[in-house]
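You will see subunit A twice below: alongside subunit B first, and alongside subunit C after that.
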Partner chain A sequence: MRPVTARRAVRGLAAVLGAAALVVSAAACGAGGASGGKSATRIVIGTTADVVNYNPLVGNSRTDSWVTNLMYPKLMSMDMEGKRVPHLATSWEYAEGGTKARVKIRDDMKWTDGKPVSADDVVFTIDAVAKEKIGVVAGLISSYGSAKALSPTEVEFTLTKPDGTFLDNVGFWMAVVPAHVFGKAPSVAKFANDSDWVSAGPYKLTKVERGQRYVLDRVTPYPLAPDNTPNLEQVVFRVFGDVNTEVLALRNGEIDLVANALPPTLAKSVQNDNKLKTVEIPSLGWAHMQYNVQRAPLDKLEVRQALAAAVDYEAIRKSALQGAAVSSDSSVLTPTLKQWHDPSAQEYRHDVAKAKELLAKAGHADGLTLSMIYDQADPNIAKWAQLVRDGAKEAGIEIKLEGLERNTYVAKGSNRDFDIYAGSWAIMDNPPANLGLAFKCGGFINYANVCDPELDKLISQAQEQTDPQAAKDPIQRAARIISEQVYDNVLYVEKFTFAHGAKWTGFEQRPSELLSIVNPESLAKAKAN
Partner chain B sequence: MSVETATALPPSESTAAQTWRAFRRNPLGVAGGLVLVALALVAIAAPLLADYPSGSSDDVLVGPSAGHPLGTDDLGRDVFGQVVWGTRMSIAVGFAASVLAIIAGTAIGVAAAYFKRLDTALGVLVDLSLSLPVLPLMILIAALVGPSATTLIIVIAAFSWPEVARVVRSQAMTVMPQQFIAAANVIGGSNTWIIRKHVLPGVAPVVVVSVVMTTSRAVLSEAGLSFLGLGDPDNWSWGTILHNAQQSGSLTTAWWTTLFPSVAILLLVVSTTLLSVAYNDARNPKTR
Partner chain C sequence: MSTAAVGFAARRVLRGLLTMWFAVTVTFFLLRLLPGDPALAIADPGMTEELRANLIASYGLDRPILVQYWEYLVHLVQGDLGVSFRQNQPVTTVLLERLPWTLLLALSAVVVTVAVGIPLGVLAATRARSWVDRVVQVGGVTAQSMFVPSIGVLLLYVFGVTLGWLPIGGAIDEDVTGLAAVGSVVAHLVLPCLSLVLIQLGSYVLTLRTTLIETLGEDYVSLARAKGVTARKVVWKHALRNALLPTTTLMGLQFSLLVGGAVLTETIYAYPGVGRAIFEAVGRLDFPVLQGAFLVLAFTVIIANLLTDIAYGLLDPRVRTS
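Right after this comes the complex of A and B.
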């Protein structure tokens, strides 16, 4: 009897050990796979998600942007300080007191079916965006009236009111799509654009293997590349389960570049690897917490101030971000935006005693309980959310963390169904426009539900100025109100780290994770030594 | 007559004593039991063993050392403290989910065996539930409802009861034809009384084994869901430690952040398996 028992037990043990080994190895390996990165005529880029939308006007995930940016031109690109620089457009100007805006575009850019990229395409695109209210661009062009092509290379926009943010917004955010292709669809917003792509970037999408890879082939001539020819024959995006496996693949030479910004811990280890090179890119956005000011007790200024005083900002930058972040001075005009930054802005002081005092003043001396939502897939926020919770606890505020799956998180944010919203904006480069969306009454991304007439007035004043210098004063006053009223608690501005194989050179750096070194100009010029 | 039959049966203490004697002779089973007791003690005595890991420190990703026997994580928090406090959460969630699953599974299993008219319908329900893709559904529900300990307990219990129901029904089917059941019916015992006094004691041994195995599976499910980021972010569990390691990118650079919680999970699963195998063998006269 006993040997049978022992054998059963050993069998049970072996089965459990085997299963555990499988679990451990699966966790360690994650998604795996294909070859790549060996040839100098091809660059293999790692990403952690599939393309969800091939329609560049609709898609807004990072992977969507990385792939469609290589296919559909925008009127403008931006330099490292967020200033607009020519791309499809060669020059632009306002006229008639800011109620007209004119853009001249290149005459040498062509769609992959041979037709020229023309002013008609620009007019078609903006009309479709305005009419069908497509994506974030629609929210940015509220002053748009109409557009007409003055010639094949000139467009004139008529605005319903003077708007100094219009050209910057349309220029950078709106991808131009081919009218002769997208125009055939009954609805541009619903056009999936998931096959037979007609594009005008340095590379065209030719092959899709969902969950595996996206292959883009070189397009010639491409006027923004040296000698009209992108250096590489092919750009391949490979999909990985997570950033750990991406970096393993980069170390093994399976891929040449990781498109995602590396979490600070991984960035440190990659910096010590001589087979790899890292690139530091500043963010044009910020990480923040927004308090739902329409919901008690967050409607009380003292409660919001108490929450702000309970945060150890330095610890967040030092520990959660491993030093890869700078202070925002608790202002929406972060130091990265040099032309807008207000030097008098000061970071909220971490002061637990003050937080308790404010809480008592607000009638919550016994403490209070709030919940905070965040996207559980965002590694940095998931980390600092824990520090915010622990800091608030010392001040007598219990913050219940709700790390949510992305779609649930986005839905709760859109429905303003939260106490505290922890998140980050990727690009907030144009304060008059961005603050309008984020803080004006009913703004598209006004998650804090702010409705402050004085703030609205100042933002509107700034938006009406066609000269950025004239917009500076009202926008700085608006930023001071946002900070004083704690409508937004801007925590830090991140410094992103990207990694690529040491043999690669020629990348053109752009700010933000959306552009970084995975942008059309950069991949048209990249080469391997 | 029925009273004489009942008193003629060997006393239950005797069976228990025989089972206990046989169990003690199985070293792996005893070891499994001891490990489980040790884990339970760690869970109960967590506040005495380690401070609750919170905040941050400058000792980021420091390997095992005298100050931090299991190293620190990417925020400089003690991994030993996380594993100790994680034991409490993992076992609590596992046990609570298991108890819920056992109650539901036993009720449905016994009902199916006792009430013949319900057998087919409940059988279909159990088969249907067993055929569902459990992990994706667990992920879906946990993601939609939002992460919390309560969510985890309910989600895990909701997908664990069918196996219990099937095992309990099989055992109850062997109890039903027994003469003492027929006799209890003859003397006019109510259904509730018969189930309580005769059927439930008959299925008790498999329920005991099920409690242990379901807890083990529930702990694994909790670890899996937490690893995927669907755990309770306000409490440490073994899966949460693994999730943090994966998310922070220290999975491949700081082995201690993943090894120790994995070992804890392994210990619990192995010990419950050994314990239940040993108990099963010990109570079965053929393998005793």
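Right after this comes the complex of A and C.
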């Protein structure tokens, strides 16, 4: 009996496997013929999340920004050193002692429905942001009073106090939206803008398949592209839930570019693939540890200095970041921001003996125990937190690591419920404005609870200057105080690695993961050889 | 339909509804026990207190939890699953876009598991203690201990990158219609389906093997042999039918695991199903999407169990008569 039954079973199994093989073969043919980035007239870009919000004033995820940046112009862009450069705006200036700000905009940019992008659109946008307190921009324009269009290409802003950070903040962070479209919505903040897009970037959104792809078609004429025409006919964002899968798709040519920065280990493996090219882009932010200065024993300078001396900064950059980071010289004015950087800044020295000495001086010769919170989903911090803990232990400080779920981590940070906060700022591009938020008494992201009158005075002085050169001295002095008082222990500035297919050229690099090589100018100029 | 049958159906529907209510309630309260504040996910840190308060109130998050629960139930019976915190879209829209892909994936995995599992189980049972049996057993145990992300990356590397036979991610290529669309869907389905099949095939085959070996030793099987019934008929018609009962139960139970496994599988393969929506919603504490997704999954599992009961009735006449 057995041989007959077994033969039958084998036949059945063979039939199933045969059918499976046929399906795989058919599938293989299908895959070969229909995969993503084979055509040189379109670029397929991998991202790890869907677009959550198509309203550029509200959306704040990276994918939201990458897509809406291609659709809605900003007054200014940014060069590799973080300096503002023209985009929709051609020139800008402060007047009347810094209480007025004027911007001239291009006269050749049009919305996709044919209407010109005008000063009225700029006025409408900033009024809506201020009135409805929309997004991050609302927090950056506290000095905004009113705006009026002096002509179709000229806007004048009236400020409630002299504010040298205003134009940089509005220019780079505020997308300009069409008044004749967004103005019809009862609330601009609640306007979903999820269909029939009217935009003015190099590409317009034409198709959305949630969970899969977002297709943008070329817009002509687009005055910021060579010959008024973006090189590529289409830009497609493909959504991958996992960065490893995304890189495999890049390797087999299914996508042409990965928009998100690669984790250091993955970046190393990609660098060895001759079909791919990598680009290194500096961060506009920094990774740091903030000590809760209102909480004993961290209210003692010696304890903070001891903690700073117990960190092996070079080991963190070499080991945890695998070399994908540079020193910040323990300054909040990082080397990326060349116009603000202070050449006299020096990194805290890793010196365990000194750390012990400082601890003893602070009355903790027997050591002390602290806790450190961090976002457990951040692979870099999860690695260097252990190095920090081990270093501190040598100096007699026990640090209990608390890797937290992101929302809990954010909540604890906002409530200042921690001893040590390990984290990173993504973009700190405008030091007078950013240091105000991060270090002035009651500052919105002043997680360390710093309240130093001298520091507040210097930051305020810098904020009032409409000439960046005049703001440089007070802001550098403020940065020195932050470093000397160890109000923030800036560990490193990350070098992001982005990867694309080797055939692609023409990308225009911009700092930060937000801009990198997927900024509008870059994708208008990119081409395949 | 007889009164008994109507009573049976009514009891099943009632039990299903109770299970759904239980799933909804547990999900509702469990999500609120999660660490983290969903208000932080909704409200932008730069917002003023007033705007933030208004936004949170518009989602009903400022009300006592029992009030929120009652309102959720009231809306639920009206077919309203709420609005996604993050996507600002009705949850039904979000889920309906995703559900077909998850069902396609899970059902394909079930069909392939059964189609491959039965011949393998029969082969191992009829050749018990032979080398074939040992290979099937070792393979079954190994498959049971596999981890979806590891299998996923391995399969993608081999079939997607090295051989280039299959696409890496997604569910269908862009702008394809007709047969090309079917081919594209199949191509994208192969690897995620294979992953799910691999993780559940082992237990299916091993259970079938054990049960079939026991069944083949039963008196009625010996009687059939003595009456001269062919070996093939004895195995496939007499023994297998009874041996399939425990594996059918297992399949019903495994369907819920399959649906759960879809979270990881869909994430690894960038498959746009409900599983990936759950993965994304967890990170953002998007309660309405999570509640809706779990409700849909609970409903799917209840239906799967109902179908298992029906299949049981078809396989075993005693179940029908009782």
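The rule is short, and it goes like this: the second predicted complex is superposed on the first by the 492 of 529 C-alpha atoms of A that agree within 3 Å, B and C clash if a C-alpha of one lies under 4 Å from a C-alpha of the other, contacts with A are read in each partner's own complex, and residues count from 1 in each chain.
Please note the rule applied: a contact is a pair of C-beta atoms (placed from the backbone, for glycine too) under 8 Å apart; a residue touches a chain by one contact, two chains touch by 3 or more.
These figures come from a predicted structure and were not determined experimentally.
Touch criterion not met for A:453: it reaches neither subunit B nor subunit C. In the superposed model, A:442 lies in contact with neither subunit B nor subunit C. Of the two partner chains, subunit C is the only one that A:49 touches; subunit B does not reach it.
By the touch criterion defined above, A:322 lies against subunit B but remains apart from subunit C after alignment on the C-alpha atoms of chain A.
Contact with neither subunit B nor subunit C is seen for A:186 once the two complexes are overlaid on the shared chain. Of the two partner chains placed by superposition, only subunit B is touched by A:403; subunit C is not. Legend: residue contacts after superposition of the two complexes on their common chain; A:343 is shown touching neither subunit B nor subunit C.
Applying the stated contact rule after C-alpha superposition, one finds that A:244 touches each of subunit B and subunit C.
Shared contact residues of subunit A, touching subunit B in one structure and subunit C in the other: 1-2, 4-6, 8-10, 12-13, 16-17, 20, 24, 27-28, 242, 244, 248, 377, 404-405, 408.
Of all the residues in subunit B, the ones that touch subunit A in their complex are 25-26, 28-29, 54-58, 60-61, 74-76, 143-144, 146-147, 227, 229-230, 233-234, 242, 244, 246-254, 258, 262, 265-266, 269-270, 273-274, 277-278, 281, 287-288. Interface of subunit A with subunit B (complex): residues 1-2, 4-6, 8-10, 12-13, 15-17, 20, 24, 27-28, 242-244, 247-248, 262-267, 269, 315, 318-320, 322, 376-377, 379, 382-383, 385-387, 389-391, 393, 400-405, 408.
Subunit A meets subunit C in the complex at residues 1-2, 4-6, 8-10, 12-13, 16-17, 20, 23-24, 26-36, 49-50, 52-53, 58, 60, 132-133, 135-140, 190, 192, 194, 207, 209-213, 215, 236, 238-242, 244-246, 248-249, 251-252, 254, 377, 404-408, 410-411, 414, 444-445. Residues 34-38, 40-41, 44-48, 50-51, 86-89, 94, 97-98, 101, 112, 115-116, 118-120, 122-123, 126-127, 132, 149, 152-153, 156-157, 159-161, 164-174, 176, 180, 183-184, 186-187, 190, 225, 230-232, 234-236, 266-270, 272-273, 276-277, 279-280, 283, 285 of subunit C are the ones that touch subunit A when the two sit in their complex.
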